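What follows is a short report on a single structure.
Letters A, B, C, D, E and F mark the chains in the order given here, with residues in each chain numbered from 1 onward.
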Amino acid sequence: MNQDTRRKLAGVSAATLTTVLFKRGFRNLFLQDVRPLNPNAPRMVGPAYTLRTIPAREDLDRLEAYLDPDHPQRKGVEECPPGAVFVIDSRGDARAASAGGILVTRLHRRGAAGIVTDGGFRDSPEIMELPFPAYHQRASAPTNLILHHCADLNLPIACGGVPVFPGDIMVGDAEGVVVIPADIAQAVADEAVEQTALEDFVQSRVAAGHTIRGLYPMTDAANCSLFEAWRREHGR
Amino acid sequence: MNQDTRRKLAGVSAATLTTVLFKRGFRNLFLQDVRPLNPNAPRMVGPAYTLRTIPAREDLDRLEAYLDPDHPQRKGVEECPPGAVFVIDSRGDARAASAGGILVTRLHRRGAAGIVTDGGFRDSPEIMELPFPAYHQRASAPTNLILHHCADLNLPIACGGVPVFPGDIMVGDAEGVVVIPADIAQAVADEAVEQTALEDFVQSRVAAGHTIRGLYPMTDAANCSLFEAWRREHGR
Amino acid sequence: MNQDTRRKLAGVSAATLTTVLFKRGFRNLFLQDVRPLNPNAPRMVGPAYTLRTIPAREDLDRLEAYLDPDHPQRKGVEECPPGAVFVIDSRGDARAASAGGILVTRLHRRGAAGIVTDGGFRDSPEIMELPFPAYHQRASAPTNLILHHCADLNLPIACGGVPVFPGDIMVGDAEGVVVIPADIAQAVADEAVEQTALEDFVQSRVAAGHTIRGLYPMTDAANCSLFEAWRREHGR
Amino acid sequence: MNQDTRRKLAGVSAATLTTVLFKRGFRNLFLQDVRPLNPNAPRMVGPAYTLRTIPAREDLDRLEAYLDPDHPQRKGVEECPPGAVFVIDSRGDARAASAGGILVTRLHRRGAAGIVTDGGFRDSPEIMELPFPAYHQRASAPTNLILHHCADLNLPIACGGVPVFPGDIMVGDAEGVVVIPADIAQAVADEAVEQTALEDFVQSRVAAGHTIRGLYPMTDAANCSLFEAWRREHGR
Amino acid sequence: MNQDTRRKLAGVSAATLTTVLFKRGFRNLFLQDVRPLNPNAPRMVGPAYTLRTIPAREDLDRLEAYLDPDHPQRKGVEECPPGAVFVIDSRGDARAASAGGILVTRLHRRGAAGIVTDGGFRDSPEIMELPFPAYHQRASAPTNLILHHCADLNLPIACGGVPVFPGDIMVGDAEGVVVIPADIAQAVADEAVEQTALEDFVQSRVAAGHTIRGLYPMTDAANCSLFEAWRREHGR
Amino acid sequence: MNQDTRRKLAGVSAATLTTVLFKRGFRNLFLQDVRPLNPNAPRMVGPAYTLRTIPAREDLDRLEAYLDPDHPQRKGVEECPPGAVFVIDSRGDARAASAGGILVTRLHRRGAAGIVTDGGFRDSPEIMELPFPAYHQRASAPTNLILHHCADLNLPIACGGVPVFPGDIMVGDAEGVVVIPADIAQAVADEAVEQTALEDFVQSRVAAGHTIRGLYPMTDAANCSLFEAWRREHGR
């Protein structure tokens, strides 16, 4: 993704993005039941690099599985491109971990933009301390071998009830994660910047005690003029 | 509601109120799976002003719906009386937002006593910063049009699995929200103040290392005497 | 339990313990959907003392039930041995409380090592302030009589989907609670200390920017040598 | 609704109707988790007459409530127009009944076209014997007063996760129930008859051993010719 | 239980019993999500004989566990008194079986009155063929050792979200199972016979085309007279 | 798979197979919440041919998607080998159909051994009439495009919470579906035939009124002798 898009998306909220996507007919691109471990971590923006799991099988998912250098979880953590978001399809199952502190730290050190699972992370108290955006359903101490068989890398997956294709742009804030289809990321970013200016203006008016009537939506021409003035004043 | 009731209810906990209500035969007046966004917000006390939703329909729930000045959500936010609690029946569905930062701010500025939904709010990081009691199930960024059709105002509703009639008294603390039927609010408030005095005394004894035997419940006459003395001492 | 085991278990994480237990064939000893009220409370270690509940019945579960000095909840709180963990089988149902601030304070004062339920606690804002490890599913204000009939003490129970036998060792950290069968507690503690040393070394290497290849798992002999040196240096 | 629409809708399946509605942008008009008690009952077609419930309250929902001649459940059963479908919003809660054999029999005798709830019916073994379309989630013996407070009649409701407006056309077959917005019922009926002809032809070809390639969807012109001949032959 | 009570309870429905129990203040005595395998089996009436399970543990729940002649499941099947109902607390978990065809057949041959679990049975196609009342949540092939550890016999248990004390009277029909506290079984049976006569009369009037107004509830004196006549005529 | 294995597996139950697999350490190979549409259909035995879905996306999942001859659902139905079982990963989501009557008929005509989804089928009343084993969670009329994006063919998938690798042997009876890892299918089939003989003998003894003590498990040598005689007599 280009740096302009990345910069723009880092300045808009997940909520605003869902509105922009809704205008284009998308109703299901916010990950359900996935939340930030550290709400004070930086905003997350980056293309999806995906790991897919299926339920574990006792004969395959033993500790020895990690001796295989091509084990998808371990391979993925070392090959996820800098700037990308590592997204794990854990089938919404948080009864065992999707990953833990060591792998999350490694991704952080390798320059990944964040990590997302619809399951849970172990070592969550440590991960909460990292200045690295990580999103999951809930903390989950058990080792992933109990429940998850890592199947493959960089295929389309489900995460949080949402379709995620490799290369789709993941944006996360303190509220959660939204997925933007790769081919419209630039256009959505542009429109979201505009939408954010509008919402910030509306919010400032409402905080100052004004009614939402004629303001939200902006059906009163007087408010349109005030908005134009506000944009000039704030350079937005 | 009168100011004496409001003052008394602001000084008792949701937990104590459920005990008082249980004594009167009420078993289901605590909202399930509804929690405060800002546990440090002021205590919430006020009569319910209700908004009811049903599932959205694609031909009705478009952005243009808000152009209608009688759209129930927008109308309700402007008409909810000062001192009242805005309560939304979202059918327990938090996959899209029930409302967002702008509307919550408007309610706060208009003097509402709080806002409650059994769905979720968007812009939740901003709402958490407001000195305004807001309660939901979980954060939810998607715009409400995706899932919720606002049907009408001030009818009896379900919220968090509990019946809420307009005018019922909503009381919220850092633990959650309890509903008091309007016709018994004064009596419940009076009894809850008594019950709170008792519990505070018991808690102080237990914190000082005393056994709960004969104290909780207070079957030992010696404890009754101590309690009377404690009430005099603390003016309660 | 002996003090050496207690000390060792207080220094390892729930996550590490699930790995050690998985090596021994145990897949289901981490309590699901049970979380700390106060993540900054001390680590919890102690043998389980259990309370079992079944659904309440209106003719039995009235306030007068507590007048019985043998009511299992009240009796248990006074008889739970110092150093033990009070574990409540609430059938995973948090719609009413399993216990409240007074009983939790009493357990704390009596020297219990912690309290766990797969339901919810009332007075949770107060409990969060105690320097005492308490774990539940979610806050729940309603009095327990609405939903829970306390059946008996110190029988094997289910808690968080996990079997808990009286005397099993409960270990809780900021992530959650793991149960260790009593007869292997010492061996598991020993192995977990070793495993923790290994993981701390690996984590320090990864934090310093090294690859996980050959390190995690440690298939590279060079890393083994580094680990040995690290152990000597850190006295572990 | 006119008799032509009724006749046409009685001859098409719920599945086919969802396809026709999907083409018009409707994604959520099939009632989830609602199934026929008697799969051999006649097809159900008729406009919705709605009853709305909220959770019961112990002081209001006593047996004496039925002494009120305006109790919405009892009033609705006597006032539901012949040919209409009685649709109950039970908030998806089947832990107590929405209605029982006596009321369902009364509706049948009064000429209603069917009854639907997203809760459960009691006396279900008797209802299964009636030649009357009835749909629910699962059998539920407990009297409705335990859980449901009947709030009002003929307002828009939620049922099975779907919006139902009074007058919308309910169509039920052995698979379940679909809702057609009133204003498009005629057009949807017309299109569904066409779609059914197409699907019946396709099904007959597939049953005869032909490939779906070029047939489903019908991209092969040869199949289009065969279909035209089939329509003439079968008078459809 | 005496034979008069047994005979009376065999002639009334689970639905009617919940009404009689509701009049006495009981709101939660119908087993939720528990259904008959064979709706054509005889009516089930008998005192509860209980088996309690907790989650399985890998070191205890091996096939060898059955070598112990005191294994509670096997012991219970051989010791359940003739005429009693074998009730299993499976914690509502049907992912593995609570019992299978062999044990159910054995209970049938030993003269038990029925078997109930809130989990599932394996060999369900065979059990459906037996002229023996069996109730579960859903069919479940996996052997119970995977999930259930049989803990003890004849203690109070939860089943289907309902409290069941040994000796309580279990009554099951084609709709489901209701529990009657032992000490009121005779009185409830008597009242249910009366209630059934009333409901049968009402149902016959409604089936004949009469309104429910003044009939259900019977506020019209004319209907009371008709009812008296009907009782004399039918000897009820 | 060879014909001997197929024949043997066609003669044993899903329940028996879970026992044989449990002895080998497999605890999770029975599909949860997946049931036969037609319990009288033939037994299902065959290697898995898999279709994977992710959540639908509005811009991709339109009716035009089927114009693509490589659409995985349509392609898979035409390419699934005779004798194979078509297994669909629907992420356990039955809110829209996984497939319908036309595709199921086509698979039947092409000689497939059965079809399985952990979602739902539409046109279920028709599918129930086919002499073809089909398994799903529940009937679901809505077209699959609403919810399911068909991603790819013949990769490892999750179905009913169980890992299914292409080529694994699917066995279904009137109770449900079990998956046997391909490499042990022959051995499991052999052992299951032995286990079935044992269980049939035990069942015949129990049906004749004998105790399970010493019989199940068979710790009494006298029973072992009887079993040997029974095997000779019945040629098993």
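Descriptive notes on the structure:
We adopt the following convention: a contact is a pair of C-beta atoms (placed from the backbone, for glycine too) under 8 Å apart; a residue touches a chain by one contact, two chains touch by 3 or more.
Predicted model only: the values in this text are computed from it and were never measured.
Shared contact partners of chain D and chain F are E. Chain C and chain E have CA centres that are 37 Å apart.
With centres set at the average Cα position, the gap from chain C to chain F is 39 Å. Centroids built from CA atoms put chain B at 32 Å from chain A.
Residue positions 27-28 of chain F are each in touch with at least two other chains. Pairs of chains that satisfy the touch definition comprise A-B, A-C, A-F, B-C, B-D, C-E, D-E, D-F, E-F.
Remark: chain F residues 13-15, 17-19, 22-23, 27-28, 30, 32-33, 35, 39, 173-176, 178, 199, 202-203, 206-207, 209, 211-213, 216-217, 219 touch chain E in the complex. Across the complex, chain E is touched by residues 63, 66-67, 69, 74, 77-78, 95, 97, 100-103, 105-106, 109, 122-126, 138-143, 145-146 of chain D. Across the interface of their complex, chain D is touched by residues 25-28, 54-59, 91, 149, 151-152, 155-158, 161-164, 181 of chain B.
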